[in-house]
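Presented below are the structures under discussion, each in the form of structure tokens.
Shared between the two complexes below is chain A, which has chain B as its partner in the first and chain C in the second.
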Partner chain A sequence: MSRILKFRVSTMLLGVLFAAAFTLTTAFSPSAQAKPIKVGFSMALTGALAGGGKQALEAMKIWRDDINSKGGMIGRQVELVYYDDQTNPKNVPGIYAKLLDVDKVDFIVSGYGTNLIAPAMPVAIDRDVVFMGLFGMNNNKKWKYDKYFQILPAGPDPAVGFSYNWFEALKTFKPKTIALLSADAEFARNLKEGAVKNAKNMGLKIVYNENYPPKTADFTPIVRAVNAKKPDVFYIASYPNGSAGLVRALAEVGTKAKAVGGGMVGLQFSGLMAGLGPNLNGILNYDFYVPEPTMALYPGATELIAKYQNKVKTEGLKTDALGYYLVPWAYAYLDVLGQAVNAVGKIDHEAIAKYIHATEFTSVVGKIKFTPLGEWSETRTIVVQYQNIKNNDLQQFARPGTRKIMYPLDIKTGTPQTYNSLR
Partner chain B sequence: MEFLELLINALIAGILLGGFFAALSIGLSICFGLLDAVNIAHPTLIVGAAFCTFLLNDLLGIDPIVAGLILTPVFFLLGMGIYSLYYQFFERQSAEALRGLAFFFGLLFIAEVVMIMIFGVDHRLVNAPYIGESFTAIVTGMTFSIPYRLLAAFVIAGLMTLGISYYLNSSYFGRATSAVHQDMMALSLMGADPVMIKRIAFALGLATCGLAGALMIIVIPIEPAVGRFFIGNVFAIVVLGGLGSIPGTLVGALILGIAESLVSTFFGPSWAPAVSFGILLGVLAFKPTGLFGTGDTR
Partner chain C sequence: MLMRYRFEIGCVVALLACFLITQVELNRFYYFAGFAILQYVLISTAWNILGGYGGYINFGTAGFLGLGTYVAIAMIQFYGAGIIEQIIVAGALAGLLGLGIGYITLRLKGVYFAIATLAIAIVLETFVNNWDYVGGAAGVSILPPRTPELLGITIVDRKGGGIFYNNKEFLFFLMGALAIMSVWIARTVEFGKLGRGLNAIKDNEEAAECMGVPTLKLKLIATVISGSLMGVAGAVFPSYLTFVDPPTAFNLEFAVNSLAMPMIGGTFTWIGPVVGSILLGTVQQVAIVTISSEINLLIIGLLLVIFVTIAPHGIVGWFMKKNK
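And now, the complex of A and B:
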């Protein structure tokens, strides 16, 4: 046998051996047995809501790692496929079409917030798939889609339920008049609409009811216009920029309203809390999770937040350092999906939706039961009052005492005081 | 009496807000009004300066306005660099209009991405003794209050306007910049280098970003994309004041600021943008060159 022939034979043998080894390896590897389950979503990673979107994404990654370490969903590893929607609703339908048609994801879940959930709803309905929502306000009111479920704990009528506890908390002031202001955006307008109903139910006279453009730079004229109406309480439904602007304008111009706040988004974000510091004292606002001792009713939330905070620190992530606002909820909405898929045992959207409707789930945000429209069956929005804030140190907000719970009564850690008494 | 108190307070707030708008717009008035560079990235570069102010304030405890002054020469140099690129790839090839706009769009996105990578997406604020406090006076039973942060914006915008106007009107370089605006060919025939003059003028426009950024983070919380909020406003102000007129920019900004404040106070804030842009359309209908525009369209 010539040397060339020998070389060719040995090369062929090597090739056969490699091919056999590759076939055996792939045939018995887990990935060959089951390709990953893909969960797709858009997320506000830039733009006005990115402060929330980034922390939500990190919580979702923690959930992915947790479920994969336990064997995944129906024995398959979970993979997250996501794109930045830039906090721009116009980008959302295209992203979900791509996720379903090009990326071929198995499930879609929403990005963060009502305004970004709304444009994805028609896509989900058109494809008849389960759609989990992250902090949506009344997104399913007109669609009545039976496969939509969202994690904002605002009760069966979320617009009303969201502010219900705020109105309960301020009964101590015996108010007679109210001013209402909201950002001119879907979520905030919904909030104010619900607040108007609660105000009427309480017999309050509405002396001011306006929307402000999201690009407003100076809020002092608005605060003065409100002050001129002399309301007893002032309900605000605002987005982060507006929330900060209003807090400062209130500090500069002052107000005689006994309670101020209600639906101010962004005051729960680390950057704004630290930046506004003592200007926050007296604000009575909604929240979902604060480091008060009575919040132990959410099993596992403390550990999850500690894990998130450690992740932010060790990986040097440029996102919210504390993560109280969204982390438990972003984890929970995927956890509900994961539990449902594992219980059903297959990817059958019809069966999974029926299971979610019929089941009471236990997750890091406690027990969750959904209404036929996919809202929470009970409201669990908490009302906190900013107190004892002495400087701009972020760590003070990680300790009890700066955001005391005023309502619900069974977990309260303080009593509401008038805005000016805390200034 | 109550109405008068509200009216005067609204006027004060409008004038102060106008000052803030002017600070954001003066640099663009030079770049767009005098040099025809459609610098749509101007507000985003101001946000960049605001983040730098945040760093200087947070890490070194430097007062935001002092930080803005420190950043001014840095942004002047940045402006020199940006104009060199713009000239090399667009203006020299007589493609300044539409392709130039594409260049500044690209610059806007790159600047935003760089800020996201460096600073993250959280909202940032700075602290100084004059933020969150106001000067309050009681006159004949009426209470007037002036927030110090807006007063700072107004004073600095006024000083910037005076300084830049004086420089452009009374220095050789200023007159040369006006000449570039009017007839570039004639200027080069007289022995001046129009490209160098435009480069320095563009850099001067960007240098204003240093102080404008400091004022921005004093007045509002910032995040990398917040500059987009102001693109419409700053271009409207420059056009309303008249292209190429620095005092016109200040007057345009004051008009929009006062309109926004009065409408917010008496008719509800949701009407404010419509009234502001209604004023712009009304002025342009009767005076297409803007309030102080020369009418030079070349």
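And now, the complex of A and C:
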């Protein structure tokens, strides 16, 4: 046998050995015994809501790694399948059809935000599958779908529940008049409608009630118009760009209102907090999680956020550096699903939905119980006041004291002070 | 004899193909993707009637489409109108809008006309943002009937004697039929007196006017047809999406795509927009679930630059030049 032939035979034998070894190892590995459970979703990774979407995705990846390290769902590893919806509702129905029909995912969960949950609802209803939502407001009001559950701690009537605590917090000022302003967009208008109900329940006289176009760049004329009405308190429901513009306009023009804020989305994002810095002092706004000592009522949330912050740092991710706003909630909506599937013990959407309806869950956002429409049974929105912000350093927002909790009373870390006293 | 009617036979075959596709029960994703591509065939064909044949660049596609969408929503909100009624009324109103806007703006030319048409979408979006009856800025969810009827016949719900298994299959077929209808209209325009007149306007409007071509009348007719077809494309949108808000209905992406697709396919003939929209529409649908980001708009931009540079008459023009 020539040397070349010998070499070829030995190479072939080595190849056969490798192939046999590979076949044996894969055939007896746990992953070969059970296919992974696929969880599919669309997420805003580009477009207007990408700031939140990217943050949520990283939290979901942490959940996937956590559950897989504990043995997965019903003994099977979990795999996330996701596509960028570009913050465009038009892309959502097609993505969910692809997830269910081509990728053959076992479960679908929503992308981030009301407008991106809405177009996915009919797909979920059509397939009769459990559908977990992330920060949706009243998405199931029209459908009344029994397998929809969402994570936004705003109570059974989210529009009203969202601002309820804010009105409770400002009772200390004994206000008589209120001005209300909202972005002319879905979520913000819902918030303001709820705030109007709460204001009327409190007996406040509404002296100003207007919407502003979402693309408004200069808010100083609006603030001046509000000031002309001399309201005792000023409720604002705005999106990130508007929130930043309004904070700057308030700093420039000033106001005599004792409390300002309420439903300003975006002031919780690291980038905006650092950018606005001391301009935020005095704003009284909603939040869901802040690094105050009394937030320990959420078991595991602190560790989760530390893990997220470390992930962002070590992997050099271009996303929110702190992650307080969305990380616990994006983790929780998958955690609830995971707990329910493991408790039921099989992929049976009917049984899983019944279990979720009947159960009070404990997750990184505390105890969760759902109403028949899939909303939270109680509001858990917290009211914070920005205080003691000295400069634009981001790390100050990672420490207690810059966003003190004013309400609920059982976890309060400060007392509301008038807007101007903190300027 | 058959050769004489080959286009008409082709239309019937395409319609039959659309119907047969709905009967094989593919993955529903393919119906979603197919619907989006066929909708672009309809939109870009409509755009090409004024933009391609007449040379008037219309950036107001999103305005006409959004009008169709919101007319359909208003009709559903008002009395739960059926989809055929929505299409007819939306097409008629979008055509009327085309007539009105055309009368005001068609005296403008070039970039001034393009800017004027772009303003239509912005004005209409602002109007809808403040019209709470159709959801306003908040948007609106539409509950499609489980078993839609067409002229008293149940068309969806095969178990109940319907023709289609589900609503998505029906909408795919409907969009296919509308796209074929638009292509037939575009071809009729192209080879008729209207098309010849529009071509003359495109080459030299003053010369055409001197030769007795009724330029304003022809441009108005083209605007009405074009606007009406865009309105029709928009009317089916609420049933497909089931949730519509103004940024979705009046998205500038429609204007960009409706211009890019005929440019890439070829603007001088009816088949150009069809080729362009099938090609680009497919690339976009694949990009959404593979590259998965806004990069699909970048793809369109790059393709547009490449084709304008290498093949200014589009794919069809390039092939025709090679075969000469």
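Criterion: the second predicted complex is superposed on the first by the 396 of 423 C-alpha atoms of A that agree within 3 Å, B and C clash if a C-alpha of one lies under 4 Å from a C-alpha of the other, contacts with A are read in each partner's own complex, and residues count from 1 in each chain.
Methods note: a contact is a pair of C-beta atoms (placed from the backbone, for glycine too) under 8 Å apart; a residue touches a chain by one contact, two chains touch by 3 or more.
Because the structure is predicted, anything quoted here is derived from the model rather than measured.
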Quiz prompt | Which superposed partner A:89 touches (first chain B, second chain C, both, neither) | solution = second
Quiz item: In the superposed arrangement, does A:253 touch chain B (first), chain C (second), both or neither?
Solution: first
Exercise. Once the structures are superposed on A, label A:184 by its partner contacts, choosing first (chain B), second (chain C), both or neither.
Key: both
Practice problem: Tell me which of chain B and chain C touches more residues of chain A. | Solution: B
Quiz item: After lining up the shared chain so the two structures overlap, which partner does A:46 touch, if you call chain B first and chain C second: first, second, both or neither?
Solution: both
Practice problem: Give one of first, second, both or neither to describe whether A:327 is in contact with chain B, with chain C, with both, or with none. | Solution: neither
Exercise. Pick one for A:283: touches chain B only (first), chain C only (second), both, or neither.
Key: neither
Exercise. Mind working out whether A:318 is in touch with chain B, chain C, both or neither, as first, second, both or neither?
Key: first
Quiz item: Which chain A residues come up in both lists, the one for chain B and the one for chain C?
Solution: 45-47, 86, 184, 211, 213-214
Exercise. Going by the contact rule at the top, pick out the chain C residues touching chain A in the complex.
Key: 27-29, 31-33, 36, 126, 129-130, 136-139, 141, 143-144, 166, 168, 240-245, 248, 251, 285, 288-289, 292-294
Quiz item: Contact residues on chain A for chain C in the complex?
Solution: 45-47, 83-84, 86, 88-91, 93-95, 97-98, 100-102, 115, 118-119, 121-122, 126, 142-143, 184-186, 189-190, 211, 213-214
Quiz item: What does chain B use to touch chain A in their complex?
Solution: 2, 6, 9-10, 13-14, 16-17, 20-21, 112, 116-117, 119-127, 131-134, 145, 147, 149-150, 219-221, 223-226, 229-230, 233, 260-262, 264-266, 268-270, 272-273
Quiz item: Quick one: in the complex, what on chain A touches chain B?
Solution: 45-48, 50-51, 53-54, 86-87, 184, 210-218, 220-222, 224-225, 228, 240-241, 244-245, 248-249, 251-254, 266, 269-272, 274-277, 279, 317-320, 392
